[in-house]
Structure formats: structure tokens, C-alpha cells
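In the two complexes that follow, chain A is the common piece, with chain B as its partner first and chain C second.
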Partner chain A sequence: MGKSDIHKKIFAVLAFSSLVFLIGITIVLFKEGLPIFRIVKPLNFLFGKYWYPTYDPPDFGILPLILGSLWVTAGALLVCVPLGIGSALYLNELAGPKQRAFLKPAIEILASIPSIVFGFFGMVVVAPFLQKLLNIPVGLTAFTGSLILGVMATPTVCSIAEDALSFVPKSFREASFAVGANRWQTLVKVTLPAAGSGISTAVILGMSRAVGETMTVLMVCGGAAVIPKSFFEPVRPMTATIAAEMGEAVTGSPHFQALFAIGMILFLVTLVFNIAAEIISRRFRLKLGLGR
Partner chain B sequence: MESELKIRLETVNFFYGKQQALKDISFEVYKNKVTAVIGPSGCGKSTLIRLFNRMNELIPNTRLEGKIRLDRQNIYEPQVDVVELRRRVGMVFQKPNPFPKSIFENVSYGLAVNGIKDRDYLAEKVERSLKDAALWKEVSGRLYKSALALSGGQQQRLCIARALAVEPEVILFDEPCSALDPTATLKIEELIQRLKEKYTIIIVTHNMQQAARISDQTAFLMLGELIEYDLTNKIFTSPSKKITEDYITGRFG
Partner chain C sequence: MVWVKKIFLLTAAATVFLTPCFAESLTIKGSTTVLPIAQACAESFMDDNSGADISVQGGGSSVGIAAIIDGTTDIGNASRPIKDSELAQAASRGVSPKAHVVAMDGIVVIVHPSNSLTALTKSQIKDIYTGKISHWSSLGASGGKIVVIGRDSASGTFEAFTELALSKAKTRPDALLEASNQAVATVVAKTPGAIGYVGLGFVTDKVKALTVGGIECSKETVLSGEYSLARPLFMYTNGKPQGLVKEFIEFVTGEIGQHLVEKNGYVGLK
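So, the complex of A and B:
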């Protein structure tokens, strides 16, 4: 066996180790989570309205948690999609080199701020401010969570959308201008459609980021495990539930298994998002003739 | 035959930032003629023809001095509508650049952005333009299929059809065959020969034989300066400058 063969093998092992981790995590999640379905039926688990895991008898309905995640994610999308795509368009279409040199690092720094800092900022500054401004009983609500999560997901959306826009060949734009289209028409009829699937990828990955975020939602969403009636009530998203309750759940108990089952669902949801994003972006590259 | 004046450059200078790309260029382009622009790469050919439809304006920090007249009107005057100008002066680029849309949408694009919605009219124009671009027979059965499935030569003819659809008066070609094989090149050359009956054509090429084959007038450019401008015949048989002769006989460049 030659030297380069050994090198090849070492790198192959390294590369495949992440696959091993992925499989390992999946197995543990399912092994610990699935037994809950001996106690509650899957449908009752998913659509049960009450989450009282420590009562006697306990209730393991995660609909309030799912809705919590859904509301907060949807709210976050309302923030990060316009902000992220808007800044990507600005960076790509309008900004001069000076503005870019300044804005791009700023957005990257925003992405690198630890989520606990966002959570802290949300608790100490945003929540009290919103509480006063909107005159609501508590400031830690789905709305507050959406706002903060939306800002957190903006860099993800922006940088992926910007990549997608910059992949659109300059020659498309030139061709459009050359037949008398203006900037706006070129953007709407050529650039955006050409970058369209790349931009959807950005939105999906932003969504995936928002669904999976834990620390921030734990800190700013209020934590009430009830079905929210409005945006201005506290909610408890799935991630926050796991983080808050894992410490107190007895290993191997039904509560413990239920938390793992929630983890399982989160895992599946983000997996689906990421696969969808991958498929769409692959199509995008093919469409623009960029290869794989 | 008397040649009618179509475009006239009057001491044109052009700058990318501080770098001067074109120096004191003056010449005239005649209606229904093919005017070739030749010269070594980097001499300013693309820069020059992109002045005729004000494409260079898309590049920041550029500056133009002098006048460029299209039918006597200086196209750089503030009251000139760029959209209108670009409809009158179409362009075909070096690399075929159809949009990732259907063949039909590609050809009708220029009409669509000019606000034309009438389906029948669009269909008629698309057919006419594709016929004029000698592409109709090959694509009539798949107008709604992606333009990107066409071969390079077909894509370039599609780009020509797209330019024709808005009924321009002048068509600019920037090395339209540099990415094509000899057969596809020949087709484009024949097409250009036919198009000059209806249009005024300016073509950049670094292929000397191509210039000799298809053009009536030839401008020879070097380092941003117009070295010689004359009838193509004259340039290729008895150029008045030594440097032109050196270039066309392939002694450099």
C-alpha cells in the first residue's frame, strides 16, 4: 500500500466520521424517544392539547409546544425574509464597494454573536420596552421571540440570498439592459427569477435556523406551555421545552422519553428543511448552467 | 452607391477611472453597411462599441468626452431616453447569453419590458424574429422549452432574434463567434450578410478573415487609438499605415 493510499484512507475515515455521528445521534434519539409511544399514541402525542409531564397522571400532548415553535418561526420569517433578502438585494444591486466593505462584515459579526447574548438583550431591553409600548402584562411573548429570532436568522438568509444573486451571471443583466429594460425590470424579470430557487434555499435555511434555535427562545418567549391565542402571549417552543425540562426529568422516565421524542421531531423537521434546500439549490445551479 | 451617414463619432475620449481606454476617436458609420472593428485584445474594441448603446454607463467611475451622434442627435445629451436608445441600437454579446427562460420568452423579452402584452402580436413578432435570425425551422416545435437546451450556435442566433424583436436600426456584435465552432460561425456570418439589408451593423472581431469576409468598412484600433479607418478592401489590400499591414498580415498581436 503506497503512502498516498494511506493518506486517502485517513481522510476518508475523517470524512465518514460525521456520517457516523449523524447515524449515532439518530439512533440514540429514536431509541430514547420511541418508547413514549407505548404510553401515548403518536396522534395523541402530536395533537394533545395539554403538556403536564409532571402531573399524576401526566399529559404528554405537545400541540402547544408545536404551535409555540410554529408561531415564533412564522413571526421570525416575517422579520428575516424581508430584512435578509432586502439587504442581499441592496448589497448586490445597489451598494458601491464602500458600502459593501462596511456592511458585509457587519452582517457577518451579527451572525457570530452567541445566542445567549441575543437572549439576554431580548430579556433586559426588548421585552420591557415592548411591555411598556404595547401595554401588555408580560414582555416575554411569542412576538418578542419572533423579533429577536428574526434578527438572528437575518444573516443566514442574507448571505445565502446574496450568494444566489451573485451567481446570476452579469451577462443576463447586460442582455436585459441591452433591449431597453430598466433596473427594476431587470431585477424583477431576470435577476430574481434566475436567483429564485437560491433565494428559496435561503428562506428555508433561515427557517431551519429559527426552528432549531434554543437559548434565545428559552429566555425571551415566556415559557408558558399553553396554546397561544395571540402573538402577545408567552409560548414555549419545542427546543425551549427540552432545554428547560431535561435537567429535572428522571432518566428513562416517560417525561424523559417524551422530551427525546420532541427532539426526534425537531430533528426530522430540520432534516426535511435541509434536504429541501439542498434539492432546490442543486436545481438552481443546474438551471444557471453552473454544474453541481 | 452613395452611403448614408448613420453614426458619427466626434473626438471621443473614454476613461475607466483615471485610465484612458479610447483616445480622440472620430469616424463615421454608414447605414446598411457592416462596419468591422479590429485590433489586438485589450485595445478598446468592446469599450468602443458599448458606447453606441450607452452600456458603459453601467460601469461606475467612467467618463466620456466628445460626441456620438445617431442620425445627428448626440446620444449622450441629457434629454435622450436610454431605454429608447437601446431599443434603436441592439446588441449581441461575445458569449451567447439567453435568459434561463423559454425560447419564446427570450425573444419576446424586449417587447414585454416595453409594455406589449398582446399575445397574438407577440407570437407574430417572435416568429418573424426567429425567421430573420435563421432559427425558426430548428425551434418552431419547441418555443416553450428552455433556451438553455439549445446548442451554442443556436443560442447565439436566439440572442440575435431577441435583439431583432424590438426592431432596432443598428445592431452591435461584440465578437459574436468567438465561442462558436466553424460551422456555427459560418451561419452567423451569412446571417449578418443578410441582416445588413435592413440594419446597420457594427461588429467587433479579432478574426481578420471574418472582417475581410463580411464587412464593408474596417476600423483598426490599437492601444485605444484609431490607427486606420477605410473601406475593408482598401485596408486589407493596401493599408496606408505600416502598422496596419503588420497587424493584418499577422506579424504581431
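So, the complex of A and C:
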């Protein structure tokens, strides 16, 4: 066996190991989570309004938690889409080399700040500030969570959108200029549509990032397990519930299984997001003639 | 040099196979409230006694006591005294559970320092946490809507508060959830309309502790039994503890153990 064969095998094992982890995690998630449906009907679990897992009798309704996640994710999108795509456009279309050299690393550093730091910052600085500014009873709300999650997801959106913009062939723009379009017209009518699906991918991956974030939402969203009525009230996303309660839920108990079932639902949600992102980005490559 | 290798291998094999025989093992099960104490003490105890192997599990007080009755654990943790029915069950199996008080649990109700209230009764606390009272004005204080802060349902402090202050009633669903004693204290310190509860060890000067039924929570009032949001925490053994079990219980009630008790936010016995 030649040396290159060995190398090939080693790398094959490494590459397949993530598949093994993925399958292992999926199996455990479903094995531990599914038994809850023997106790609660799936529809009552998904659409139940009360989450009282440790009382007798317990309530396992996760509708408030699902809505909490949705509200916070939607709010985060309102922040990270304009910020991320706006910065990507600026970086790609307008910024000079000097500004790029400074801005790109700055955005990447923003991505590398640990989520607990964002959470702590939100809890100690942003929440009290918003509480005073808006004169609301408490600053730990869906709005605060959205704001901070949005900032956290901005680097993801920005760097993927920027890649998408830079993949638009130069010839497209040149052709546009050649027929007399100005810079704005070229941007809106040519560049953006050409990069459109890449930008959609950026948005969807930003969404995945926001829906899966745990530590920050646990710390800044307030954690009230009620169906949200306003952005300025506390909510409790699904991830925060798992993080707060898993530590001391009795292994194998209905509470434990219910938390795994929440994990299952989160897994399915992010899986759908990722598949959508993959399909869209494949279409995008074909459209630009970059496919195989 | 083959013999050197052989001896080395033999020694290695002997170490691997014989260690479990020399290591004494101890199982602790039960109340999640006592869990942090048992965990911290077990870690510290094992640092000092490398031969001891202690495994600590949660499960709740009933699980801890049931395990003592079944003989499946050496120490059963409980945040309540044993019930008569459990005693009868134990007697029928020839088990005589013995209680060891290892710490006291005192819960303090805290508000923002700007709040004009200094005292609440137990029933007022219950009304606030179950949703009957929602505005500070109903209690004769200013501050608008009450921001009720609770703990995650898995925490021991939550369990104790639900039992002692709320008589097991459900906390209102719109109560905020914080995942630790520190987080509750931080949020209350930053939110003028907030009310929260923490273990006695977590009260800082940035929050205001309220008296409950006119009694201030302190080490003295908890130990004397005057303060109502307090309870003893137990470790149960089968009969008089012996050997490693005895050593461990003595360690927990001793100086280092009681230091760890206070460090985890509970009230020490001395």
C-alpha cells in the first residue's frame, strides 16, 4: 500500500466521522424524546399552552416556547438582514481597499465573541438601558433578545452575502454599464438579482444561527413561558428551556423526555432551514454558470 | 531487557485489576436540593481520600428515601423528613433509616432597593407569585406592575420556595425565569419593579431583603426556626453509619463540609 493510500484512508475516516456523530446524535435525540408521546399526545405537546413539567400533574405544552423562539428569531432577522446585507453591499460595491482591510476583520471578530459574553452584556447593560428608555417594567424581553441575536447573526449573513456578491461575474456589471445603466441601476437590476439566491442562503443561515442560539436567549429574553403578546414582554425560547432545565431533570422521567422532544423539534427546524439553504445555493451556482 | 518489560507489564496489569478492590465505593442518591452539597462534598472528600469512589445522583427526596429502604444506596438525600408510611415500609424490610441534618435551607425574598416595602406576609408572597396581586399599589407601594422573577423548575430553590411559600401552588406562567441564584439577584438589582427569591448566601447590598411575617432571614432566625421560609436538609443512612459512610457524613457536618454548604448558598449548622 502506497503512502498516498494511507493518507487517503485517514482523511476518509476523518470525513466520515462527522457523519457518525450526526447519526449518533439523531438516534439518541429521537430515542430519548419520542417516549414522551406515550404520555402526551403530539398535538397537545405542540399546541399546549402551559409548561409546568415538575408539578403534579405536569403540563407539557410547548406552544409558548415555540412562539418564543419564532418571535425572537423573526425579530433577529429584522436586525441582521438589513445590517448584514447592507454591510455586504458596502464592502463589495463601495468600500475602498483600505476600508475593506479594516472592516472585514472587524466583522469576523464580532462573530468570534462567545455567546455568553453577548448574554452578559445584554443582561447587565442593554436590558436596564432599554427598561429605562422605553419605561417598561423589565428590560429582559423578546425585543432585547432579538436585538442582541440580530447583532450576533450579522457576521454570518454579511460574510455569506458578500461571497455571493463577489461571485457575480464582472462581465454582468460591465454589460450593464455598457448599455448605459448607472451604478444604482446596475446594483438593483443586475447584481442583486444575480446574487439573489446566495443572499437568500445568507438569510436562512442567519435564521438557523438565531433559532439555535441558547446562552444569550437564556440570559436576556426573560424566560416567561407565556404566549407572547408584545415584543416588549419576556418570552422563553425552546433552547433556553432545555438549557435551564436539563441539568437536573431526572434521567428517563417524562420531564427529561419532553426536553429531548423539544430538542427533536429544534433539530427538525434547523434541518429544514439548512436543506432550504442548500437547495437555493445550488440553484444560484447553476444560474451563474458555475455548476458542474 | 525482556524481564524489565515483563515486570513493567505485570505491575501495570496488577494496578489495573486490583485498584477497584482497594477503592471503597459509596453511592448517594436523592433530593436535588441537597445535590449541590453532596456533589461539592464528594469532590472535596475524594481529593483527600484517593481510595474513595463516590457517585452522586439526583432524583428527588422520595427517590433518596426509597433507595435507602431498598438498600440500593448508602446515603439517601432528602429535603423533607421521612414520612410515617415510609418508616413503616422500612420497618417491614428490617431497615431503620437514620436522619442526619447536614444544612439548613433559608430562602430570602428580595426587591429593588428603591422599593418602599420592607415586609411581606407569607400569604402576600403567595398572592404575588400565583398571580392574584400584579401591582405594587395593591401592597401600598409604588412601582407599577410587579415583575415576578422565579427560578427554573429544576432548581432546588424553586422546589423549596414552591413548597414553603406557595404551598405547592403553581407559579404564574408569566413569571420570568432565571437559571441561577446570582442571575436572580442581578436582575432584581437592575429592575425597579422586580421581586425575586434567592438562597441566604446570595443576598447582596444591591438588593433589598424583605422580612417575612415580620422575621428577617438570617443564620440565627433560620437555625432557631423562627423564619418560615426555611427547612432542614437531610442525609439518611440505614442505621448508624459505619466505615466510609460515617467518614463522609462526618466530613459533610465538619468544618470543610459546612464551608462548602455555605459556599453553595445554604445555611451551615454552626
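The criterion applied here is as follows: the second predicted complex is superposed on the first by the 288 of 292 C-alpha atoms of A that agree within 3 Å, B and C clash if a C-alpha of one lies under 4 Å from a C-alpha of the other, contacts with A are read in each partner's own complex, and residues count from 1 in each chain.
In the analysis below, a contact is a pair of C-beta atoms (placed from the backbone, for glycine too) under 8 Å apart; a residue touches a chain by one contact, two chains touch by 3 or more.
All figures in this text were calculated on a predicted structure; none of them were measured in a lab.
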> Just from the overlay, do chain B and chain C fit on chain A, or is there a clash?
Replying inline: fit
> Is A:P155 contacted by the first partner chain B, the second partner chain C, both or neither?
Replying inline: neither
> A:G212 contacts which: chain B (first), chain C (second), both, neither?
Replying inline: neither
> Between the C-alpha centres of chain B and chain C, what angle is opened at the C-alpha centre of chain A, expressed to the nearest 10°?
Replying inline: 160
>> Residues of chain A touched by chain B versus by chain C: which partner has the larger set?
In response: C
>> Touch test for A:R236: chain B only (first), chain C only (second), both, or neither?
In response: second
> Looking at the overlay, does A:P169 come into contact with chain B only (first), chain C only (second), both, or neither?
Replying inline: first
> Between chain B (first) and chain C (second), which, if any, makes contact with A:Q185: first, second, both or neither?
Replying inline: first
> Between chain B and chain C, what is the shortest CA distance in the superposition, whole Å?
Replying inline: 52
> Of all residues in chain A, which touch chain C in the complex?
Replying inline: 50-55, 64, 123-124, 127-128, 131, 137-140, 218-219, 222-226, 233-234, 236, 240, 243-250, 255
>> Using the touch definition from the top, list the residues of chain A that touch chain B in their complex.
In response: 96, 169, 171-182, 185, 189-190, 193-194, 287-289
> For chain B, which residues are in contact with chain A within the complex?
Replying inline: 53, 55, 58, 60, 82-84, 86-87, 90-91, 93, 95, 97-101, 109-110, 112-114, 148, 159, 162-163, 165-166
>> Under the stated contact criterion, what part of chain C meets chain A in this complex?
In response: 32, 35, 58-60, 63, 144-147, 152-156, 159, 168, 170, 173-179, 183, 186-187, 190-191, 193-194
